[in-house]
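In structure tokens below, several structures.
Next come two complexes, and both contain chain A; in the first it sits with chain B, in the second with chain C.
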Partner chain A sequence: MSRHVWRVLALAVAALTALTWSACGGGDAATGIGAGAPAKGKKGGTLNALFANDLEHIDPGEAFYQPDYMMVFAVHRPLYSFEPTNLEVASPDLAAAPPKLSDGGRTVTVKLKPGVRYGPPVNRTATSADVKYAIERAFTAAVPNGYAPTYFGIVEGAPEPGRKKPTDIKGIETPDEETIVFRLSESSGAFIKALSLPITAPVPEDYAKRYDAETPSQYATHQAATGPYMIEAGKDGRITYEIGKRMTLVRNPNWSAATDFRPAYLDRIELTMGNEDTTVAARQILKGKGLINGDFPPDPPVIKEAVQRRKSQITFAPLGNRYISLNTKVKPLDDVNVRKAIVAASDRNALRLTRGGPIVGDLATHFLAPGQPGFEEAGGMKGPNLDFIQNPDGSMALAAEYMKKAGYASGRYTGSETLTMVGDDSGVGARTAEVFQSQLQKLGFEVDFRQVPHDTMFSKFCNVPEARVAVCPNVGWLPDFADGQAWFDPTFSGESIVPENNSNWPQLDFPAINEAIDDAKKITGQARRDKAWGKIDRMVMAQAPAVPWIWDKQANIASSDVQGAIARWNAQWDLSFTSIK
Partner chain B sequence: MTTPGVDARSEAAENRFATETIQSGAVTARTPPQLFWGRLRRDKVALCALGFLVVLALIAIFAPLIVHLAGVPGPNEPDKSTLDSFGLPTGPSGEHPFGVDGIGRDVFARTVYGARVSLEVAILATALSVGIGVIAGMFAGFYRGWVDTAISRGIDVLLAFPILLLAIGIASACSFGRGGSSGCLGGSVKPGLALVILVIAFVNWTYMARIVRGQVLSLREKEFVEAARSLGASKTRIIFREILPNLVAPIIVYTTLIVPQNILFEAALSFLGVGVQPPQASWGKMIADAQGSFDTAWWFMVFPGVALLLTVLAFNLIGDGLSDALDPRSDR
Partner chain C sequence: MVTYILRRLLWAAFLVLVVSFLTFVIFYALPSADPAVLRAGARSGNQALLESIRDTLGLDEPWYVQYAKYMERLLFHFDFGFSYRNDASVREQIFDRIPATASLVLGAAVVWIAVGIPVGVVSATRRRSWIDRIAMGAALVAISAPVYWLGLVVLYLFADDIGRFPVFKGSGSYVPLTESPAGWFGSLLLPWLVLAATAAAFYARLLRGNLRDVLSEDYIRTARAKGLRERSVVWRHGVRSAITPVVTLLGLDIGILLGGAILTETVFNIPGVGRLAFSAIRGADLPMIQGTVLIGALFIILANLVVDVLYGFLDPRVRVG
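For the complex of A and B:
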């Protein structure tokens, strides 16, 4: 499901940089931009966003990672999308109003805005049938979508993913051009939130069909925009996108400001890829004109420089969490007291310094991050009332007590098992892992530490239960949208454990937690939902399946003439709200 | 080093040495070791290098004591109080003479402990590769025929191997994997210093074998071998008692030239993450860790880098010195 944190982490590692994030409630006291509602900007100008790597996906049906979203949400209009400062409630975008629920939450009706038109070469009004087709094509092998089955699998008649051709989904009805009705097999709070994912951005079937007939689909390079911007087209009609080099966004002539909440100040946005030396790129941004960072966060030395001397050019966007998973299926970590001892011994302050210190995040005391629905219910900043997560510098005395409870009379581990640990082989992740290794050794554990590239760590080790990795120090979560289900269902539900691509890294399979998650999924009322997920957070923490150690704030930087706006739901710059001073 | 001037001077010195011996009245023939030592001790550069290596060996052996005496924390003890509020390391200071690294470990302690790794590799890997190389080379040269063909073609194959890729392949294949298995061959082969030593030995014996083979090919035709053979000496005796002593000089010279290669190879493997495993300190690994922050924290690359440079240089200089001393006529 939420793979984008992996991507973010991978990028960070690839670039040998620190990915950074932090505390609650819109922006940081130390910084000016990005906090509160975005100020009104001046129309016109060109912005240049520097990227270290290429965009992973530009097709709205495939886009999944943070940098993808940065571009896709300026070019496409899903049914709902988030305004920069709002993390919890999506605003109607292509839709005209919030969804109407009936039949006990099992029927969801959405009315579309009239007069939202595609840019060239399609030049017609977007209809409800286009939204239906957009979802149907995301179940094909030509358009591999990471989350379609997770959130849209409960639509009646939804096929298994990987179809050869788009198949008609009976549970999506289009009684007229401006109405779309979803019939679900059960009520689901997450489904309504998932309508804000780019899978619901319209795709014109008549035009896109021939491109979707190829595998992979060629629609990405022939896409039709509904948003304020479109990828500049060449003479042959194909977009002028040089893979790995640059992409230019220009105004979509058919976009009408009257139908959109996006101000779209800029005339032109250049995305420049291949800035592999991110330190150089970050310094260019700070000293240059009209530049912002795209996919990479600045390194700690640049953060320090910016915070000390260029405060107005750096901002910190809170996002997800990071934790060290402890495999509950591997000896001796199958003993809850051993896990509690490890959590108690963890020096979270030292761990946080490996990423850049207090400025890049708050010390985590549980999983749900600040600002997320259910955060206060889960214990807020102080955390749940559990002694083993109280001391931010770790407490060896308390750890020794828990080790004694686990049957190790000396208060240190004296068993014969060696803990296998797989972590990043470079960058900040490697530092975090080495610090944690030294903390485990203080408790008497022998640690067999294998260093591998970040994506290998997931694909070959931490995501594979059969690999029996005891400790995964470089994992974290960034939900698809702000909702407890997106936080806990993939990560701590026993039912989510799968042989490959597993994201329940501690392999926590605790019946009471599984049951609570199943019940909470069906709740549609926001307040009750928050309470339920907050309680689940407490239940998970009581089992000590991981050491949550930071709620990240991602650092973003801009040139001094850029009036930036951070999309809080994506923790990156929002191109449609950013302007040139 | 061997400019004509130096050669003339050393010849003069040798004459003086001879004259002194005559004047003292006791005319004794000098044994080859005496000749060798007499030449070597006049080579100031080689003697300095030798002195440096002796000091280095002492540092490696007494690493814990030195770190204790210097009053710095151990090599694997991160100290968060040495980092600033941005998590950036502090430079050289009274408490940490070489500064600290990215997670607050003392660079001095790590550099000192790193010497252990380099010397272990220098000694063990070289001994292994020389041992294999000499034996294989002698057999190939002495027996010729199919033995020679097999060994020589084997060497050709090994020389064609992309060595770094081989090492990386072994390391990733023999780490722990599915089902909780650990290492290859029942856990005996897994990433770490032992694997580094084995890989280096496996690769580097070929050079020695080629050289030895060439020498043996000419030695086996010499009269003293003929004589031994006609006296009915066994082949083993001829190989080890007649031929081997005549190979000592080239073996020593090439050994000293292999050593620095091996040290650099360990550094490269550790740099690539295949060598020593964290938290163990090795110069190559320290340099790898430091590469991201060289512009802001120069100290944790410079100190291990300088240590590596000096060590490799010292071994190379000694190699030169030995080859001059063992064979002063050699034209280099």
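For the complex of A and C:
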């Protein structure tokens, strides 16, 4: 399941009922406890994170979802990782310093910190060869990694994914144990940022290869930690992770605070799964001791209670966006004026109400979410200067004007095409889709609305161009990391359109945008990148391939004795910075 | 009798095959989601990766070949495959969960039998008394209360973490019997009461009705006329006869619930088979769904078998029927 699928699933829980109240304001900042710079905490204590579902992938080579990252970044040390309040620049983690670029950005050299050691049972220093192996194994069928080809496919000699065995990637060189050199086929700003993904956390080949020989790899249950914590393991080295029940993180005895920016206050962290009644779990957190939410946002009634009576126990963090995609390859949506008319007619306030109103996020005026690099360049909260996205309640008069430009003299659609719309069959997603259906009907469209389970919506319809779905009302995006490429390359580049699991839902294939994306990918300077991706956001908006309607905020809660810290890049608690008061 | 049991066992094996075939067709040949995409577990627009996964999992083969291989693994290696979600062995996961479900269901069965049968007997023998009226009124309420709702109500009232009157252990407190018998008992008290409430009420009403009919039979009048004590008349002659449908129902109920008491396990966060199945269904984890459905079906078929055999012992006519 792709990350956007997960995200939409996870957030569907966030607004089970349409409650409306005003709480946190707009803007890009996380608000509430733990949202600012992490306060110094007290050493010791046990924290219990309640999860509704199980973690999906705990192998650093496979981990991809928010809850997985919550655990993985406490246990593993990639080359770089983000400190809680920093969304833009990753700090050296296993690396000793920022990467050095040469050869026009095509050679990236990273020096490793000396003395970063694996926990038991490996008990040795992590080397550059371990990082190389970690990346190579992510191209095998045993360790199916969804982003390896996207960001590491430009390393010279990188194979197609799904290999039977790890293949030596010639473009990754390890001249000594503390140096790793990446030779790229072209310069790439996203590659630099992707060095913060857990694929770069070292994996000791000598120890792991026997587990990687199985398909699927069994390294996940025998993994060796380099981070401040490790998964509690039995004498045989197999971790005592009870899938769907609990996982215990204990201190990694070989971790050295001198080599890490994480304070790692807690002695022990319990992850308890199966709290599927999230209302009960959320109330346990608010009334209990030493508890935080793991993978589920609290339900609206609990958020309301916390906002009104337990303000010190709730925090909100910006997350991603939601939009309604309009298929640019299907008639009459292949006409840009028809699409602009639909965006103009969209009542985004009404759409947001289906999820719970202002508390669940700000009204979106474009795609890049608040706080993301390039957000201001894309128009900030106000959005680009495009008339069809200006009115949050929708403007039928303006919509009619665009319909006339498209050749419909009455200002309403009078053609013979029926729009096929495929959306969620339950929950708030279904309500959003129903509201949007009525908005389309006001413009004169006949809508064939098919309601299916969320996974089916993606894997059988919206992700499959051949299905020719005109409108997908329940899509959205959370990028792999804070960078315009992670926002726009998979979603609006014509080159990203693929027959299966396609995430360019509008199938936008606009030459000028494709070219701008290709150029922006090669830029390595942050300021220039932000400017370029902000411009691309405006270019995409001008084509009206979708109706962006909300920038989500994720609520997180903690017991009164927890001093939490939010990892803004992940919109969840950072276990290595959280402490017990 | 041996022939009868053998015949029933053959039927049971045939039924398991049919269920396995149907679930395979429903979940593999007509999946609601693409297994390769699920297995990839990430943004997998990369077609080479998807093809590689299909090749590895054999998803590119005809469905009947996939089914044959699945059954071969199942029958000869008792291998249910691996979860698409977390790579875990389906068999290990299911067998890891059975003790929790068995603890919940068998404990609850003790409660509902201990409550339902005496209440049914008392109500039947004291018709229209205030005891009967109160018991049947309470039974009606218990039957009408959905397990999910009742579970939440008792948690908000009596759980030691979020309850108004913190008396019992709350949600997420389950402890395996092998870890702490006292903790196990304490953590299951509320779930047992909640799961047993509806069944106890239903059994009480069923037994009351049956017993009333039986007590008006001629042989009961004869027993009384012979001077037998009323207790003997009711328990040895009345209840023994009236309880047969209750035994049938008990076998089926236990079989069904062993396949997963989904709601109770979910409300009380008990890591049982039901919650595993629920979680697999929500995540379209096809091998796990297939495994839990098969195990659930197996429990129901076994329970049916036990009931049929018991019937055979109780009523010789069944054996030749």
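Note that in this section the second predicted complex is superposed on the first by the 552 of 581 C-alpha atoms of A that agree within 3 Å, B and C clash if a C-alpha of one lies under 4 Å from a C-alpha of the other, contacts with A are read in each partner's own complex, and residues count from 1 in each chain.
Here is the rule we go by: contacts are C-beta pairs under 8 Å (C-beta built on N, C-alpha and C of every residue); 3 or more make two chains touch, one makes a residue touch a chain.
Model, not experiment: these values are computed from the prediction.
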{"item": "Three-chain arrangement built on chain A, chain B and chain C clash or fit", "value": "fit"}
{"item": "Chain touching more of chain A, residue-wise (chain B, chain C)", "value": "C"}
{"item": "Touched partner set for A:P253, first chain B, second chain C, both or neither", "value": "neither"}
{"item": "First, second, both or neither for A:Q437, with chain B first and chain C second", "value": "first"}
{"item": "First, second, both or neither for A:Q451, with chain B first and chain C second", "value": "first"}
{"item": "Partner chain in contact with A:G525 - chain B first, chain C second, else both or neither", "value": "neither"}
{"item": "Touched partner set for A:R468, first chain B, second chain C, both or neither", "value": "first"}
{"item": "Angle at the Cα centre of chain A, taken between the Cα centres of chain B and chain C once the superposition is applied, in steps of 10 degrees", "value": "40"}
{"item": "Chain B versus chain C as contact partner of A:G162, first or second or both or neither", "value": "second"}
{"item": "Which superposed partner A:G274 touches (first chain B, second chain C, both, neither)", "value": "second"}
{"item": "First (chain B), second (chain C), both or neither touched by A:Y147", "value": "second"}
{"item": "Chain B and chain C, minimum CA distance [Å, superposed model]", "value": "8"}
{"item": "Shared chain A contacts, counted only where both chain B and chain C touch the same residue", "value": "452, 460"}
{"item": "Chain B-facing residues of chain A, complex", "value": "16-17, 279, 299-301, 303-304, 307, 330, 347, 349-350, 352-359, 420, 425-427, 430-431, 433-435, 437-438, 441, 448-452, 460, 464, 466-468"}
{"item": "Contacting residues of chain C [partner chain A, same complex]", "value": "32-34, 37-53, 55-56, 82, 85-88, 93, 96-97, 152, 155, 161-162, 170-172, 266-267, 269, 271, 275-276, 278-279, 282-284"}
{"item": "Parts of chain B lying in touch with chain A, wherever the complex brings them together", "value": "76-78, 80, 83-88, 102-104, 172, 175-180, 182, 191, 273, 277-279, 288-289, 291-293, 295-296"}
{"item": "Touch list for chain A against partner chain C, complex", "value": "1-4, 50, 53-58, 62, 64, 141, 144-147, 149-150, 160-163, 215-218, 220, 242-245, 272, 274-277, 280-281, 283-284, 287-288, 452-453, 455-456, 458-460, 463, 480, 490, 496, 498-503"}
